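Both of the next two complexes hold subunit A, though its partner changes from subunit B to subunit C.
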Partner chain A sequence: MKAITSSQGLRILGALVLVAVVVLLLSIRLNQFRDYQIAEIATYVTAVAGLTVLTGFSGQVSLGHGAFMAIGAYTTALLLLHLNWPFYLVLVISGAVTAAAGALVGAAAARLHGPYLAGATLLLGVALPAVADAFNGAFGGDQGLNIIYNAPSSFGPNFPLTRWQAWVSTLVALVVLLLLANLARSRVGRNWRAVRDNEVAAALAGVNVAWARILAFIVSAACAGLAGSLLTITTEQAEPGAFTITLSIAILTGAVIGGLGSLTGAIWGSLVVVLVPTFATDVATSHGLSTSVAANIPVVAYGATLILVMLLFPHGIQGGLRWLLGLAGISSARTRRPAPVPEASASPHEFLLVREGNPHGSNKKEDTQ
Partner chain B sequence: MKRSRRLRLPALALLAVATLAAAACSSSASSSPSSSGNNSSAALTASAPGITSTTITIGGTTPLTGVAAPGYSLIDPAAAAYFSYVNAHGGVYGRKIVFKYLDDQYNPTMTASVTRQLVLQDNVYGTFLNLGTPTHLAVVNFLNSEKIPDIFVASGCECWDNPTTEPETFGWQLDYVREGKILGQYIAQHYKGKKVAYFYQDDEFGMDGVKGLDYEIPASMVVSRQSYADTNTNVAPQVAALKASGAQVVVSFSVPAFTALLKLTSLKLGFNPQLVVSDVGSDAVTLSGLLESFAKQGGATVNGDSLINGIVTDGYLPAYSQTSNSWIQLFNKVQAQYDPSAPKDDGNVEYGMAAAYSFVQAMLAAGRNPTRADLISALNAGIPQGPIVAPYAYSSSDHLGATGAYMGTIENGALVPQGPVLVTDTTPTGAITTYTGTQPQAPASGVPAAP
Partner chain C sequence: MVEFLQFTLSGISYGMIYAAIALSLVLIWRGTRLLNFAQGAMAMFTTYIGIEVIYHTHSYWAGFAVALAAGLVFGAAAELTVIRPTLGKPELNAVIITIGLLIIIEGAAGILYGGQFRSFPAAFSVVGLKVGSTALGVSRFDVFVALAVLAATLLLAAGFQYTSVGLRMRAAAFNPTVARLSGIRVGRVITLGWALAALLGALAGVLVSPSTFLYPNSMDTIFVYGFTAAVIGGLDSPLGAVVGGLVLGVLLSYASGYLPQGSDLTALVALGILVVVLMLRPGGLFSAAGVRRV
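Take a look at the complex of A and B:
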């Protein structure tokens, strides 16, 4: 509460309200497919922001966030299919169920570091979708669960479903961003960063390291669960084929490319992940290239974008934007002055800690054990 | 410092306004469908979304990249090649068909996204040859609620046959239940007294097939039922169980990769039953190539063609070995001119071209200036037999396609048809009868005649 009344809290709130207004106007002006893409982007933002908390703030990597999305998606599909509860309730329950799953995984993950944690979460991401095949009756096997979802009737019979999906998804994404930004600036967030930067020092300072790490997993999983729930109502389905390891990697890509450690970066990362392949497909198919070439151009463009961003902006797009703003002299003191209290959006100095400091920190920890 | 930070909000607002202005400029004007005259002299009009006086734009989703791409990625380019041929020979009532097929990587989330792109942004007239059961199930509801013709799903799942709840959706290829019945009857008749075992994919494809097999094969003949998941390439446990059951005939509802794995693993375990394989998993060119490349990965050299010799299968399209067949000649001619880089005698290429031919038949039946509903009505009224060896099932109460197939064996790397065309329905008791009609020849022009 204290955070939200501060001037920075107000600025975050203002920026989010501005984004909401822009999305609202765009959703009315653009065609329905763009609405659908807005929903897709917002879904990614929700998941990527969650992973940013886990990886960027608490220093734990996850290659299995697709599995958490699957849990949220199937929870939503099952509740809508069998109980037909209102969506907002289903959304909250999906987040809660996934948070519980996150607590379980987090408890195990708190004992693991670096590549071992990556391996364990990778296992989760690969194995969990197969559960749907194993329990065919409940989860519909390979064909998954298909739901029929309509915009609330209060919006009138001709209200486009895609616009409703864009609105709901954007609202959820913005609320998640607001909550995460505040959490990151609270005591919890400071504890996470302390644990990330040096576990021994954090423990000596009185931080409960294991709890901080588990909590990060819970929060992050809840975000992924919400994203999965949004994915179910936008695509009107929950199928194992949607939650392959590719999805987990795409979420991680979004977090890294946007700028690990920055919630704003989650937005940039999601824009890249969703829009670059579509844009490249449009370009490739409109130039009469042979199928075998055209089909691979989106893959190439996506890869090239990732390489370019990493080469030009090693701190992700958000880091790059800060640097450019700094060059243009628009930047505030934030980029140059080491923040007395670490902010939701980390300074370049903090990026270094995430990218380089942490692995060493955790190795040291293991050495001492 | 403080001042410059305040400047940022107005700057962002300005950016937002600029974006909106740009968006406003690009807002689209929708064309309203006008009157549709269907007499032969009527002018060509923009009678439906996706139709102009010169073009019919349709869309499709298919795996062009990713795990399912090998083989399947040939289908839509082959269909597009046939459309190019039709376009060069007068088109459909003078309109050219523009077939925009997008890659969904066999990922249902991608299918959901690119299908919406085709419908909501590209305003296609309808979708055609959307490939895959789990992928297409993701969009059936969307396409039907938007009233978009969903023509000839490239999957033999029985699930496309819901004319009342999903009136826009039509299957095309022989469905797996009918196919299972035809294979099952052959097994019950030709391998009397032998031990039969099933090997099938653990999804609708395999289970629909097994359903059909069970309608025809007495339960007492079946000694083992082994399923596989298409994500696990180790089929040794299943093959060991098949061997242990003493099966003399193994009937396989598998995709080509798993037919090859079944064959290679059997070879390794010294198990050599008679194989009966569904059409889906028995394309000779694909299978032979897979066997050789899998064996190579394992450090062995095999002759693919000799390994698949004697496999019993079925077919609902003319076989490439029938070189004098008019359909085969037409498809070879179109391929040579419009799809020359595709492999020769590949079942996927034939599949794409044949489905495209059927689509042109349906468009012609829909009339000169068709609405979307006209195409659905035309299919519900039935269309004349085409490249499929048996008639189409299309009626207002049946949205599946091919009604039958012939049996055949693979000899010297090619499918050789044997015996008559057998037709049946999808019910447990429906008889399997010999098709008494004759399949029409491919038209000399290569383009179906307007009704």
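Take a look at the complex of A and C:
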């Protein structure tokens, strides 16, 4: 937490406070549907930021983060239904339970790479919602669990619930972003990047590779669990239909589209994932198209957006913005930091080991691992 | 005992479909080191094209041939338009692009053909075969499914082994730079790989649709299991893809046959199989001894 006192820490804090104020003002100005969307975007930001840490910082891909969201969501629903604890407590417990699940998955995944990890997590995302069907006594089967969530009574009876949900979700998302930003700049974050860029070199520099990878899964899963918890209070239910593979893919898409190099990218990615389909639906329905066309135009537009963003901005929207700022001459050396390159030498020892190790052949043994 | 035989045979029939999808993923993985998430959606769309041809010509085989040809064209077109620009960019970009392609194709199918389930004809009788008075649990069409995928696999294997095009494809997959230096047009080879992969996918679509019905998402589950099969086998190994498909198909068939509520749990069982295999061999069953450069 020492990082927060540095100038960059203050900048991050300032930016987050600014976002909080903007969201606060917007949530009062806008209607209930838009408030709901703010809550939805904040939920996505929480999950996508977690995946950015996992994929962008530690180099592990997950196609099954919807499963972690489901764990968080069901934990929240069960605790609220049966114990009726205050939400902040339930939120923390949901995050902790999901973190434990993340530790399990992370430990199983620590040896897997690339497509093998993708395949295992994809199947996790497909399989887990089926548990709710198999044990429909506890989890309510297809119908899921319905909860009742209210805004605090001190706001008066006319205070819109959606506005409260938007506030809670945004607060959680911003706190998560702040914590992750600090973590990424700490020793833990440097270890993650060292492992991502070169596992063997990281291990030689004294990084515990397996633990670094598992820790990334724990942190990332906890974020997804918090997002699942937020989803439960926003939709007032936890049902298997909400956690299909489409959700997992949307989270990964948000992370890559936004830009895996930075947490700010998680915000851009979430905006695209939530707003593009809604916007396209508005356009399609306002033009009086037939239902099968109107229902699918947004789908096609969303897919086309993904392809276009990836072709135009190979490093995601955040990468594209940096490039544009650089063109306009606004960007200083400080802000123009292409993510992977300088970070490769984040640990000076690692750099030395790789350079010196090769001529002596001292790491030949590692070649055939 | 009879039950066991029935589950095994129907598992083999499904397993061959997973094997076809797995093989198509392996083809693309070896050529371009990326996973094509649109493989299932492309197969779904070519099957729609096939069904339209069948409606108009009243010939199953005309539809069959057109669907496979459409697969070839689709695969090549996808590679040339959206995949080629991503080569050399961060790996996940191409993955997101194939996901975008998947979403577009499923949306387009919804617009063109609507969301309702359509039945797809089978080439042969779907009445269960019998030996004496014992039902085998498979039909003449199931046998055709297994044989068709087997034939396609053997043709591909022979092509890779004995033709000059196959040699060039292997060289490009083995080392693109060296292949390019020795005069192989690696770009063309990659396009051909995508076309062949999509052809295999189209074959799987035509073969599986009589039992799953056809709708815009109809290939999603098949794709997930095909992908699982490829991972089980090891993504670099065509033989592994076939073995992975068969193993997965047969084990899932036992699971849904013997376990109570088994059909709800197939995905969980598949996850269990995958976890066990990857625990033992993190690179799949047929992975070569891993060499990693520092």
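Going forward, the second predicted complex is superposed on the first by the 336 of 369 C-alpha atoms of A that agree within 3 Å, B and C clash if a C-alpha of one lies under 4 Å from a C-alpha of the other, contacts with A are read in each partner's own complex, and residues count from 1 in each chain.
The rule is short, and it goes like this: contacts are C-beta pairs under 8 Å (C-beta built on N, C-alpha and C of every residue); 3 or more make two chains touch, one makes a residue touch a chain.
None of these values were measured; they are calculated from a predicted model.
Steric overlap between subunit B and subunit C is present once the structures are superposed on subunit A.
When both complexes are overlaid on chain A, the residue A:I245 reaches subunit C alone and has no touch with subunit B. Contacts of A:L312 after superposition: neither subunit B nor subunit C is touched.
By the touch criterion stated above, A:L231 is placed in contact with subunit B alone, subunit C being left untouched. Once the two complexes are overlaid on the shared chain, A:L104 sits clear of subunit B and of subunit C alike.
Residue contacts after overlaying the shared chain place A:Q32 against subunit B, while subunit C stays out of touching range. Judged by the touch definition given at the top, the superposed model places A:V299 against both subunit B and subunit C.
Once chain A of one complex is fitted onto chain A of the other, the partner contacts of A:D133 extend to both subunit B and subunit C. None of the stretches 295-303, 331-339 or 439-447 of subunit B clash with subunit C in the superposition except 295-303. Residues 130, 133, 292, 295-296, 298-299 of subunit A touch subunit B in one complex and subunit C in the other.
Interface residues of subunit B, counted against subunit A in their complex, comprise 1, 4-5, 7-9, 12-13, 16, 19-20, 23-24, 27-28, 64-65, 69, 73, 76-77, 80, 100, 102-103, 106-109, 112-114, 116-117, 119-121, 133-135, 137-138, 140-142, 145, 159, 202-204, 229, 231, 341.
Touching subunit C in their complex are the following residues of subunit A: 55, 61, 108, 111-116, 118-120, 122-124, 126-127, 130-131, 133-134, 198, 200-201, 245, 249, 252-253, 256-257, 260, 292-293, 295-300, 302-307, 310-311, 314-315, 354, 357-358, 363, 366-369. Residues 29, 35, 82, 85-86, 89-93, 95-97, 99-108, 110-111, 114-115, 220, 224, 227-228, 230-231, 235, 261, 264-265, 267-268, 270-271, 274-275, 278-279, 282-284, 289-294 of subunit C touch subunit A in their complex.
Those residues of subunit A that touch subunit B in the shared complex are 11, 14-15, 18, 21-22, 25-26, 29-37, 40, 130, 133, 141-144, 146, 148, 162, 231, 234-237, 239, 241-242, 244, 246-247, 278, 281, 285, 290-292, 295-296, 298-299, 330-333.
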